[in-house]
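Structure provided below as structure tokens; questions to follow.
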Amino acid sequence: MEDIIYKILGAILTIITAFVVGITYGGLTRKVIARVQNRVGPKFYQNFFDVLKLLSKRTAINHGVMQHFAPMFIFTSAVTVLMFIPILHDGLFFSNFSFHGDLIFLLYIMPFGPLGMALGAGQTGNPNSAIGVTRGLSQMVGFEIPFVLSLVALMVQFETTSVTEIVNIQVESGVWMIFSNPFAFLAALFAMFGMFRYAPFDIVGAPAELASGPASEFGGKYLAIMMSSSSIFTFAKLVLYVNLFFGGAENLVELLIKTFILYMVPVVYGLVSPRYRTEQSITYFWKWPLALGVIGMIWAII
Amino acid sequence: MVISPVHYIAVPLLAAFVIPLFAKLNREFVRIIPGIVLLYLSYVSIVLMNQVSSTGTISEVLAGWAPPFGINLVFSAFSGFLASLMTFMGLVIWIYSYRFKKIDDEPALKFYVLFLMLITGAIGIVLTGDIFNLFVFLEIVGISAYSLTSFYRNRDGAEAGFKYLLLGAFASTLILLGIILLYSSIGTLNMADIAQKSHLIPTSLKVSIFILFVVGFGIEAEMFPLNGWAPDAYSQAPGPVGAAFSGIAVKAGMYVIIRLIYTLFDIEGSFQFLIVMGLITTIIAEVSAMKQTNLKRMLAYSSIGQMGIVMVAFGIGTREAIIAGLFLMLNHAIIKGLLFLSSSYLVYNDDNKLISSLSGLGKRLPLVSFLFALGAFAIVGLPPFSGFWSRLYLLLAAADKELIYLIAIILIIAVIEIVYYFRVINKLYFKDIKVKSDDVQKPSINAVISMSILGILIIAIGIYPDLVTSYLGNAADALLDKAGYIENVLVDINN
Amino acid sequence: MNTYFVVLLILFGGAIISFAINKVSYLLSGIVAFIATASATVFFYLNVDTDNFVQFSLAGFDFQWGLNSLSLLFTYIVLGLGTLATLYSIQYMRFKNNLGYFYFNFLLGIGSMMGILFSQDFISFFIFWEIMTWSSYLIVVYNGNKTHKIGIKYMIFSGIGAYAMLMSIVMIYADVKSFLIADYIDYISQVGLSGHYLQIILLIVGFGVKSALMPLHVWAPKAYANSPMGYTSLFSGALSKMGVYGLSIVLLSLLTNFNTGENVSLGGLFEGINAEFIRIIVQWLGAITAVMGTLYALKQNDAKKLLAYSSIAQLGYIITGLAIGTELAVMGALFLAVLHAIFKGALFMAMGAVERQAGTTDMTKISGLVRKMPFTFIVTLMSIIALAGIPPLGGFVGKWLLYEGMITSGHYFLVVLIFFSSTAAFLYCYRILFGIFLGQEEKETINVREAPISMLIPMLLLAILTMVFGTYPGLLFEPIANAMSYIGYNDVVWEMSTISNVWGDKVSLDYVSLTIFTVFIVAMIFLTIKNYKGTRYVTTKDISTSGEMPTENENLTFQLNFFQPFERAVAPLYKRSMDKIYNTIGESLDALFNFVRTIYTGNGQTYALYVIVFLVIMLIFKDSIFN
Amino acid sequence: MDFGQYQNIVTISVYGSAIALILIGLYAVLIKKNLIKIVIGLSLADAGIHLLFVAIGYLKGGTAPIFSPSVVGENVTMVDPVPQALVLTAIVIGFAVTAVALSLVIRLYKHHNTARIDQIKSLKW
Amino acid sequence: MNIVKDKKSQHIVDYIKEFARKNSLFVMAYGTGCGAIEIPPTMTSRYDAERFGIRGAATPRQADVLLITGYLAVKTLKRVIRVYEQMQDPKYIIAFGSCTINGGMYFDSYNTINALDRYVPVDVYINGCMPRPEAVIEGFVALQEKIQRGDADNGKKYQENIDWYRENQMKVIKNWNMPDYNW
């Protein structure tokens, strides 16, 4: 009984942490972008206001039941991913259910949210949303290939598919994956560009063309949940990357440092990039990232 | 009255010439007499087949001259099987044509005379033990067949008949030449005697004689380069005649080739020759059938193809293969019979017999179309219809001899058959109806009965092939037992 | 009377009765069909006994009927889906013609599939196989007119497959002198595989056609899409599984278990072929099938055709899994086989419901049906989630097992290929949901209503099954483990709701489901209660289009060229399709055949010349021909 | 009468004319386009065969194969009766075939208005 | 507008809400007149409105503030109404320049409206022709103060007085084919 309470408490704590960190990272990103553009920029906690404001909206419209469900799908997906990733190495509170899932499970639960989101976007009947969704899904096929290649390389190298095990092995041997198989890491890093959808891969939202794409009919509480979910999701993905390639983290500070550094890579890369066309952004991943992934795989097999 | 194989020849021949006399009394006799004759022959078949299975081959001497000098009839399990098959097919075709309108339009009298002569000739070929007699019967078959082919007095009928006649006359010339050479070298015409003495002929001459015979009878048996007449004749002859050709006439020609190879001559390489010729025949015929627009012509090519496969089966030469070959013959007779009979109602009013004119006929002529489809299913060898078993037997026999290429070719051909038969079925059932209901001819009750008999037989044999396999086994044994044949004809009767 | 005979008698008898009774009432024929399948199902499972073998002799061959644990697994698919599909068809086919014909072939199909599963010898296997083929052909062309080409294509490929199989069977008989499958397996285990590869390749071709393996798949999309949907659910769900059944015997019982250390080549054309080589080929073919099936699926505008291509892709996974042959992969493949029957059955039924209610499944013509047909939408949604392999529904389990089986046995690049396919599958999954149910509500579909209850019940049952198997796959693992013991995998370990691989990693599905459902429900409660009064539904015309109010006639539906950017990205893969290749072959053959038949010139004199030339040639070469 | 010295010449000429007839017949059938000529060719070939057959059955100095007491004596060589009997049959058959052929030719001519075989090809392929 | 604040806890919640609303303004810029050109400098480096939590929104569903930047033709008014009605409560309007107040230099044009207030409720007018970015930011700040005070809820006002607004709107818009505002 106590275990269960601990688990529940731990889960809630994890979600809150992820939310806070994710939202803060979002704010920091805006700040960084502003600084690069020679602006003052918003406060780093600006995104909290945004979420709060959206939650406090008095009305919310939806076009049908799927639009109502869509934020739940994405929230569920984000939280579930979080639950099955060990946030901290050997952490009591932050390990959650990470022993009950593995990488392939994570790979499959990750699209759960976007797909639900896509359904909601489809339900709205706004053509922009549907176009955004098709772009997003197409792009997902693009970056998934180098990503999977690098993950398979990882699994082969460590002979396990469990994230927890991968972290443990890295901690025990003291060699991070990024050093033992840099190619796989690079492939995964490229995949991450697509995953976070900063420029030049921001074809889904594409405010100038698609009026924020899938989210264009979402407002109020729906948008709030979506924003916070994607923050959680961002954090979860970062933690996953840290776990896989940076040997996990012993404590929160280490985790924050590692994740933040990692997070800044696509952000900074995006700052200096324009936007790709959709097919370019797909085929982008099938050139160098794919080659890197294959090299990484061969590296791992040898 | 003692039932003997002679009845097979005497009764229909007599009837054929008596019909015109009776016709003076009542026109209806013209139709009824052939039926009575065929029924009687069927009875004879049953009795004789039982007798054969209990006591062995029956040899009947004609005119009191003992073989090798006199003419004799041999009713073995093998020849008896074919004779019974022909009788049965004759009966079915008679039922079908009893009130076949198109024949009624023409003088029915001539039809039945010729038809009975055709049966007489074919059964004579199968039963006779004398090679010149065989030639005579072949000519009977030939002349009646030419006439039946051009039975409709239209343009194309005459053309087909003439082509058939041209090649048939050629065949008879060659066969006669062969007989001359044979007689000049061993001085006998009795088949058992020839079989006994054939080793005395110099090999080169023997082979030449064999070639002459094969080419001559090959014309009748639709062997490849010799079968130019067949598609025309099949497509232009009246529907029941097409069935009679495929079920009766061709079988006779095939029988002779089998006899030549198995009993009369003992020539090295003749089996392989048969396989190769069979394969070529099949391939060319099926390939030609593929693109036909004329339904009857398509069936004709298919028929040729089937005969090619029969040749292959007999070319393999093992007991299993012979069973397969006989089974194929049986199936070919009943299935192709059914196809010809039903198709002549499908293209009843279309002079060009175009497949495209069948469009949607399945709605207008449900039963006929169904039977046609059944026949098509059976002939491409789909279980649970009879065609499947014969093909299986053949393949097993081929596999036993490790003739893998043969299996492959036969099966590829089966795929081709699927293509063109299913094209027709699609036309029948799954296309819009083009024909007005007035334009189609509903089948008469007797036609339905005859086709149903064949259809039921196809399904029955398909579900329970043991119905016929025992007969086939006996027949195969009889064919393989060359010494027994000679002994039966020459020794038993002399005693 | 024996169980097997009774089951077949009920089914075939039911076929004939429902054919005959069609004249009385259109409903009755369907009801008879349903009663026949249902009673056959009930009777069969009451009397099921895997050790009961019946022997009899026909046409000089020994036949043996019985059940092994593998075929028992497949009977679940056939009878279960068959019963539901007949129930579904009663209403689905209500306004169609020729119902007797339809149900006759329907039941014949089910009966022959059961016959295939009962057959313990090759020859009755083949007989039932062919009956299944032509009965399904007759249903493929049921819709008439434009389907006839599809039907012929189907029949040609089935013919090629079946005759390849027949060829193999007769060769086996020549070797073993027995048609019993068990005898053949024994024989192979004694003498080894060398010299028998041709038989095995031919068997694989035979089964590959039915299970739509890559170069032999071209019949499938249109055949699936154009048969009545009630049957297609069975066609794609169960009938294709007969190919999988056969392949699992060939690939596993024969190839996997007896290729240890053996490397004898066949010589000649088949130089270098060994069991491992064949398996690798089949693996890659399966994976390529999966990829190409997916890529073509997402191009389609017709939902039925889309699903048909998706079926091909899914069968590709299954075949790859079987060909890999490790315990996990096989388990995953068999699991997917059952699951595919369930969700694809449900999907085709749902599409049938859409077709019946809205008149078409062309996604460019209809959209926004979700409010009109909510239950159909739910079924589609759940089945699609299962199809995409997203937890917590059943498809995930199969995919997980398959991937783990591949990774742990070292098929890394294959994994990537399969993964690519299943990621791209998300695209068409979304397409089908969006294209039919979401998006703008069109005025053409204003009067559409939900399908009748007797069509919904089977669909919903299947959808619920995907959910159950997603959390408790152990329910299905038990028969699968038994089945695997038949094909040589003893002591398969399984747990009720945990899946684990050989490296010791595991996924606890109950935790997964628990988490997902808890979070989802919490989120739902929160989101629904929050601002409950402020939450309003508006129509799909009320969207932000730069301040414009879209009128009735304005087209806001995005359907054509749905994944155009993606198609551009993978354009090189679309360049060459098997369809085109086969068309070229067909056209050349046509031309050749047309040329060949000009031999028959129509001139009697030419024919006479042939005779003489033939005679002369024979006489000249008589020494070389005879002797 | 003794034809002994001419025997070889007679034999050769009979055989030769038989073969010549056959060849002429074949020529007519294969080369001539006119239907009537083709039918004539067939008859010629038939006649050649018959002649050949009779010639084979002929024995040098043989008498007619009649078993009458007046003729039959010791060491009497008779011509083989079988070929003659067969040839008689064959002639009858050939006659019948020719009759049928001619009737068909007439009908063909009626329908096609020509007797050229290469123009009568409505059934082909 | 007076929001009833009878409980203290309710007061705190409201305070937080309004604080958040104040600090996060998603702007839907309706670039009608010459004022549209003033928006980019306001948002970018020189004046950087993002400091105040002001941010562009792509669609009315996500937006809080509707900027009407200049004169409104009758035709355009229809779209403005539509956009306004699609926004989620609470929602605000900032109107730019003289034209929105009294018609400005187009006061006697046959096809522009003179007083925007008659058709949609305006929270803040920024005067000038056109106002400079500094003025715009000042306007925003004014709006923020108004929000914090709690009397910037014109969405509710619009809803309550919908009949009056509709009447005015229909007076100028002849081909009225808008859907009903359903809350």
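For reference, chains read A, B, C, D and E in written order, and residue numbers begin at 1 within each chain.
Rule of thumb we're sticking to: a residue touches a chain if its C-beta (ideal position, glycine included) is under 8 Å from a C-beta of that chain, and two chains touch if they have at least 3 such contacts.
Everything numeric here is computed off the predicted structure, so don't read it as measured data.
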Completion exercise
The chains touching both subunit B and subunit E are C
Practice task
Look at all chain centres (mean of CA atoms) and spot the one farthest from the centre of subunit E.
Solution key: D
Handout entry: Greatest separation from subunit C - chain, by CA centre
Key = D
Completion exercise
Per CA centroids, the chain at the heart of the structure shown is C
Fill in the blank from the handout: Heading the list of chain pairs by contact pairs is A-C
Problem - Where subunit C and subunit D are represented by their mean Cα positions, the distance between them in whole Å - result: 69
Practice task
Starting from the mean Cα coordinates of subunit A and subunit E, work out the distance between those two points in Å.
Solution key: 36
Practice task
State, to the nearest whole Å, the distance from the C-alpha centre of subunit B to the C-alpha centre of subunit C.
Solution key: 44
Practice task
Can you tell me which residues of subunit B touch two or more of the remaining chains?
Solution key: 162-163, 166, 170, 231-232, 288, 292
Practice task
Please list all residues of subunit E that touch 2 or more other chains.
Solution key: 59, 61, 89, 183
Completion exercise
Multi-chain contacts in subunit A, i.e. residues touching at least two other chains, fall at 57-61, 211, 216-217, 220
Fill in the blank from the handout: One finds touching chains in the pairs A-C, A-E, B-C, B-D, C-D, C-E
Problem - Contacting residues of subunit D [partner subunit B, same complex] - result: 22, 29, 35, 38, 42, 45-46, 49, 52-53, 56, 80, 82-83, 86, 89-90, 93-94, 96-97, 100-101, 104-105, 107-108, 111-112, 120, 122-123, 125
Problem - Complex interface listing, subunit E residues touching subunit A - result: 16-17, 19-21, 23-24, 26, 44-45, 48, 50-51, 53, 55-59, 61-62, 64, 87-90, 155, 183
Handout entry: Residues of subunit C touching subunit A in the complex
Key = 368, 370-371, 374, 381, 385, 388-391, 396, 399-400, 403-404, 407, 412-413, 415-416, 419-420, 423-424, 426-427, 429-430, 433-434, 438-441, 501, 503-508, 511-512, 515-516, 519-520, 523-524, 527-528, 530-531, 534-545, 556-558, 562-563, 565-566, 568-569
Completion exercise
subunit C partner, complex, touching residues on subunit A are 55, 57-66, 68-69, 71-73, 75-76, 79-80, 83-84, 97, 100-102, 104-105, 107-109, 111-112, 115, 118-119, 122-127, 130-131, 133-135, 137-138, 140-142, 144-145, 148-149, 152-153, 155-156, 159-162, 165, 211, 216-217, 220-222, 225, 277-279, 282-283, 286, 297, 301
Fill in the blank from the handout: Listed in rising order, subunit E residues that touch subunit C in their complex are 30, 59-61, 78-80, 82-83, 86, 89, 177-179, 182-183
